[in-house]
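Given below, in the form of structure tokens, are the structures.
Each of the next two complexes has chain A plus one more chain, namely chain B in the first and chain C in the second.
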Partner chain A sequence: MTHSALDRGDPAPGGGDAPQPGLASGPVPDPPAARTALPVRKKKKSFLPYGLVLPAALLELLIHIGPMLLGVWIAFISLTQLNLTNWLNAPFVGLQNFVNGLNPESTIGQAFFSTVGRTLLYTVTVVGFSWVLGMAGAVFLSSNFKGRAILRTFFLVPYALPAYVGTIAWAFMFNQRDGAVNQILVDTLHLFGDERPFWLLGQNSFGAMIVVNVWQLWPFAFLMLMAALQTVPADVYEAASIDGASLWQQFRSITLPMVRPANGVLLLVMSLWTFNQFNIPFVLFGAASPKEATLVSPLIYQNSFGSWNFGLGGAMSVLLLIALFIASFFYIRMVLPKGADND
Partner chain B sequence: MKNPIKVLSALAATASLAFGMTACGGSSQATNSDTITYWASNQGNSLEDTAAKLKPSLDRFTEKTGVKVKLEVIGWSDLYNRILTAVTSGDGPDVLNIGNTWAVTLQETGAFEPVEGALLEAVGGKDRFLQTSWSTGGADGKAPTSVPLYGLAYNMYYNPKMFKEAGIEAPPVTWDEFVADAKKLTKDTNGDGKPDQWGFTAAGASVSANSHQAFVRGLQNGGALFDKDGKPTFDSAAQVEGVKQWVDLMATDKVMSPSDAEISDGSQKVDNLINGKAAMVFDQSPVKNFEARGFTDWAVAPIPMMKAGASGPEGTQSHVAGINLSVFKNSKNKENAIKLAGWLTSDAEQVALNKAYRSLPVVSSVSSDAAFQTDEVKLKNDALANHALPMPLIPKEGQMETLTGTAIKNLFAKAATGTVTEADVQSALKDANNQMVAAQ
Partner chain C sequence: MIETRNFRILRNIVLTILSLWVAVPLYVVVSTSLKPLKDVSGLFQWIPDELTASPYFDIWTTVPLAKYFQNSLIITVAATVCSVTVAVLAAYAVARLQFRGRRAFSLTVLSTQMFPGILFLLPLYLIFTQIRNVTGLQLQGSYLGLIITYMTFTLPFAIWMLTGYFAAIPKELEEASMIDGTGRMGALFRVILPVAKPGIIAVAVYSFISAWGEVLFASVLTNEATKTLSLGLKSYASESDVFWNQLMAASVVVSLPVLIGFILVQKHLVAGLSAGAVK
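Take a look at the complex of A and B:
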């Protein structure tokens, strides 16, 4: 505690001296011992933080920034299996990969644009459902009742389960001939007439993928929102209910504004995850998704590993990185609270 | 970072992370010269069965050479992706199986050891091998980067009991006869108004199996996937016709269950034959599955052709199918990896392994062994020798398989959920063709 008190420039006991020029916090009295020691400490401090951050910075460079820059570089070269093991010598093609990816006349460009549109729709739907379910669950469990702990654990199961295991179980359930979904919907409930629908082929595959993703994502929204709700003081609700506010009014005027900062982050993170979703379609449909359910990440994978056109895959990744960066930037500026005190 | 406790904990975290990474790096770098890794494709009726059948051979190898083999059997739906990842990262096994149709594509990556020098010597030279199988090892005029290991070819397997019930005397020879018979064999046996016995079954979602059919059906109709100049012609009239015949089995002829559109694993279609859900299937080696399940109601015939007795490209019934063996160039244990390649292609192991997996030996010296004198194996041999052409031996073969196979997979999905017109086939193949052009 002594150190932090000194660092913050808090008044030391028995002080009454002139302000210390090295500390920016105004007229702070310092004990004589600290006054003599400070210049030395200051010198050390100027190096120490950098020295300490250096290993982490190097690792960050190695793990994140390096591969990212490599990915950007790949977008500008023609990287195929012919030069894969000697990629440093792959021919530089400038913007050609971007032109190929963005040309609305070509099959590749058309696929790219329709996939981006589909992925946006997918993201909005998945994040929307996940948020509503997460919010409902969090509000429901914020009141005290018997069995709350069990329900809370139960709600978190999809999040706790390894993503692969959950998705492959869904793939089995969605199987047209032997899957549980058709057994329940068609055999037991007699929906859809006699015909067993295909859930993993054609149009339905898009819906099936949404179901699996919402199932996997909503517990995260639930967890975050429940944590946010804990910070809302109970007496605010008490006061509101004494004033005669309905539950809906309380939700709208107290809950929503109070969890706004958490919501801002939550929606951003969920949208980024969903937009870049790869695991679920890959496990549900294999390396090639149905046309109606191809998302951006699997498309990049197909271009990179199916057609071995790593340059094109790289260009598409860079385009998306830029788009997501811009979108996130404006979102953060507009939605998230400003100021440094939001620690 | 003003709080020393924060500083210390950050430092500790960084140090432990750095240490952890070094430790990981260290362990993956560590090589034990007595152990090599081998990725084997699934040749048995399950991954476990493949491993169990391979184990005696590997044990004998260890006994003889002192080299231990760490085996991993990989299912067909994962194999291509696993190889690509290994090639891309440079971090793969010492020895691995590849589908022989991928050999030229993978050769171009430069990730595999050329079969020359010590490796060629270890496998006993190219003259030991069947000419057709050896030709799949790599592009013309270059040292191959894979050696044949198991030979395969497509045959038609059918249920003679069902044929008899449907009044069919002999297996169909032409495509028209095949479709007509398949219609007779498609029946509603339980009276619910819907067929539950189908004339034919196939893995509609298998990318590679569909691309094989695009190849064979295209050739039978007088087409080809590439023209003389190496340009893709996936959407030529003959190719469209051939692919349409294939997809029509579900879409128009309705002799294939729509649920076949979800099958991506070849053993599931064989299951359909064993379970009596279908009467005919095209496959390369289902007999091991038949035997494992005690299924005896099967017979075998050549794949139907457009015209009886056709020869040349129009008489194609199969591609030169099979599994090749490659040594990873990055192997830190090349000497032992080469020893294993020599071992698995030796006469004795060729007999043992091909007998166990019901595949064809790829070395001519053992084809006269009693194990390979059954009617089924003889038919397969005939298909391989007289009615098979290698899939296009071009560097972009892998892309071609992915693009045509995926297009057909999507067409089957469309057939299962609606209708497929000639224009749909044409447009799907045109898209695949355009992407192939862009990839070239």
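Take a look at the complex of A and C:
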């Protein structure tokens, strides 16, 4: 930011002695401040930035920082529905919650670790499919043809719908024996013989949940990849095709490298959303997912508000928190421009 | 890419598949919403035998949909307005002013944006409990409580997006205004805000959409009187029956406001999202 200001400041024809670019020069000069003069800086000390940030900072403290610290505290106390209303006096139990809940030997611990594994598999699958579909849409909608603008908007509809509406629609389609999915798969395509599989119970529920999530998520990949592709000048492709590059070669050696910078953040953001997914299972299955389809967020929810095992939910939250801090470290490295480091 | 014949054929195939993939669930929703109840319980029919608009009238009496609508509207609008107002000030400071703690502040905003609601739900619940114990103020099940919790996701998003918009506005604009003697705040309100208006509206609409679709906080922190649409729609399913046609009609009604808003601002939204998230 600072750099661009300087770059722009120099050649700008702003007139001979226009104020030097940068922030030090208040246009309403304030001589006393300048004269009392700290040796190097003559910047007037201003409370304005703090005043502007204060409301946001207080809110951040109230809705994020405070709750996060409290969340860590919960993991170390014994909190049950009995002392929920009087939680300040809940007994401190140290690492007991972690030991009880996350012991790989115990059933709860096994459930936890298999949930984490399942959520990772879920994330990779959902993000992978969403990326491929988004890329396909972006590549073909980057060319000009009639109806392009309409399709572009249409593809975004699943993303714009309230998440629970899309999920309800799919719940209806996956609906037990008579839903649209079985109608297509069993009655039209004659898969599964005479069977009409249940999609929202047992093993199949995991796949059903993936389908719903991809349906809702892929437009985001599409949106971001479209934006990234718009920066590719058309004549690069022209040159390539004159040199005889096939469509696939053009895709591999022009399109893919061009979206590389966008991909990092896109994939990370989509992975985080998917890993933390709560809405889809909650609407699709209700408060308790089938055990084959339980993800991390719903598991914490179930432990906390289903079986009132808050300590366990807290311990799992802490682990999730740590994982997210690590992920956000990488996210921030990718998102924040390097120049922002030095102020 | 270059539009060879192969490219066009491939394009038609891919875009047809993608369109069907998007369209089928939407078609199922809309067509089901126009069927009489007797036609929605059995095997799914792609071509309705009979069309009726009555589900669109019945939805209001089967469950208190208008009440849910009102609840969602109050909570969502309030969370959006609060977030955007607070975010405009903070984002301007972050985008334009140097101050100690600026980086720490942006890092906090940026990282909390990625944390899921489940991490804040129980702690906020406990904080609300404590507030009730001490002051008697009931936040569980109240509008205020939900508005606060909804800001856990609308606020960081708004700050982050608006910072991007403000940073993209040429500095010369406000410098000119400050030379005219408006001062910083004058420049912000008279120059920056009007220029950034499309961006601010896009951020507001997006915050509105995400709050409108919220499920988690609503599932724990609402009661009968403050239930939002995301939970209210469940009431179309009773123990024995699901009024699928009405559920679908209600889904259409609930989706229309956000869909229209999204389509109106999508251009600015894409610009902001891709500037903010994908550099």
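Everything that follows uses one rule, which is that the second predicted complex is superposed on the first by the 278 of 343 C-alpha atoms of A that agree within 3 Å, B and C clash if a C-alpha of one lies under 4 Å from a C-alpha of the other, contacts with A are read in each partner's own complex, and residues count from 1 in each chain.
By our rule, a contact is a pair of C-beta atoms (placed from the backbone, for glycine too) under 8 Å apart; a residue touches a chain by one contact, two chains touch by 3 or more.
Just so you know, these numbers come straight off a predicted model, no measurement behind them.
Q: For A:T85, using the defined touch cut-off, is the partner it touches chain B, chain C, both, or neither? Pick first, second, both or neither.
A: The answer is both, since A:T85 touches chain B and chain C.
Q: In this superposed model, does chain C or chain B come into contact with more residues of chain A?
A: C
Q: I'd like to know which partner A:D194 touches here: chain B for first, chain C for second, both or neither.
A: A:D194 sits against chain B, while chain C stays out of touch.
Q: Tell me which partner A:Q96 touches in the superposition: chain B (first), chain C (second), both or neither.
A: It touches nothing on chain B or chain C.
Q: When the two structures are overlaid on chain A, which partner does A:P55 contact: first (chain B), second (chain C), both, or neither?
A: Both partners, chain B and chain C.
Q: Output check: A:P158 vs chain B and chain C. Expected answer is one of first, second, both, neither. What do you get?
A: A:P158: touches chain C, not chain B.
Q: Touch check for A:A180: first (chain B), second (chain C), both, or neither?
A: second
Q: Answer with first, second, both or neither: which of chain B and chain C does A:S106 touch in the superposed model?
A: first
Q: Contacts for A:P290 in the overlay, against chain B (first) and chain C (second): which applies, first, second, both or neither?
A: first
Q: For A:G314, select first, second, both or neither according to whether it touches chain B, chain C, the two together, or no partner.
A: Once the two structures are laid over each other on A, A:G314 reaches chain C alone.
Q: Where on chain A do the contacts with chain B and the contacts with chain C coincide?
A: Residues 48-49, 52-53, 55-56, 59, 84-86, 175, 287, 305, which sit in both footprints.
Q: If we count contacts the way the header does, which residues on chain B are in touch with chain A in the complex?
A: Spelled out, the residues of chain B in touch with chain A are 1-4, 7, 10-11, 14-15, 17-18, 21, 77, 80-81, 84, 87-88, 90, 105-106, 108-111, 194, 205, 207, 258-259, 261-262, 264, 395-396, 398-399, 402-403, 406, 409-410, 413-414, 416-418, 431, 434-435, 438-439.
Q: For a test of understanding, state which residues of chain A touch chain C in their complex under the given definition.
A: Result: residues 1, 5, 8, 12, 14, 19, 21, 23, 27-28, 46, 48-50, 52-53, 55-57, 59-60, 62-68, 70-71, 74, 84-88, 133, 136-137, 139-143, 145, 151, 153-158, 160-166, 168-170, 172-173, 175, 178-180, 183, 187, 215, 223-224, 226-228, 237-238, 240-241, 247, 250-251, 255, 261-262, 265-266, 269, 272, 276, 278-279, 282-283, 287, 297, 300-301, 304-305, 310, 313-314, 317, 320-321, 324-325, 327-328, 331-332, 335-337, 340-341, 343 of chain A touch chain C.
Q: In their shared complex, at which residues does chain C touch chain A?
A: Within the complex, chain C contacts chain A at residues 1-4, 6-7, 10-11, 14-15, 18-19, 21-26, 28-29, 32, 41-44, 46, 86-87, 89-90, 92-95, 97-99, 101-103, 105-112, 114-124, 126-127, 129-130, 133, 148-149, 151-152, 155-156, 159, 167, 170-172, 175, 178-179, 181, 183-185, 209, 212-213, 215-216, 219-220, 229-230, 233, 244, 247-248, 251, 254-255, 258-259, 262-263, 266, 270-271, 273-274, 276-279.
Q: Per the contact definition, I'd like the list of chain A residues that touch chain B in the complex.
A: Residues in contact with chain B: 3-4, 7, 48-49, 52-53, 55-56, 59, 80-82, 84-86, 100, 106-108, 175-177, 194, 198, 200-204, 286-288, 290-291, 302, 305-309, 312.
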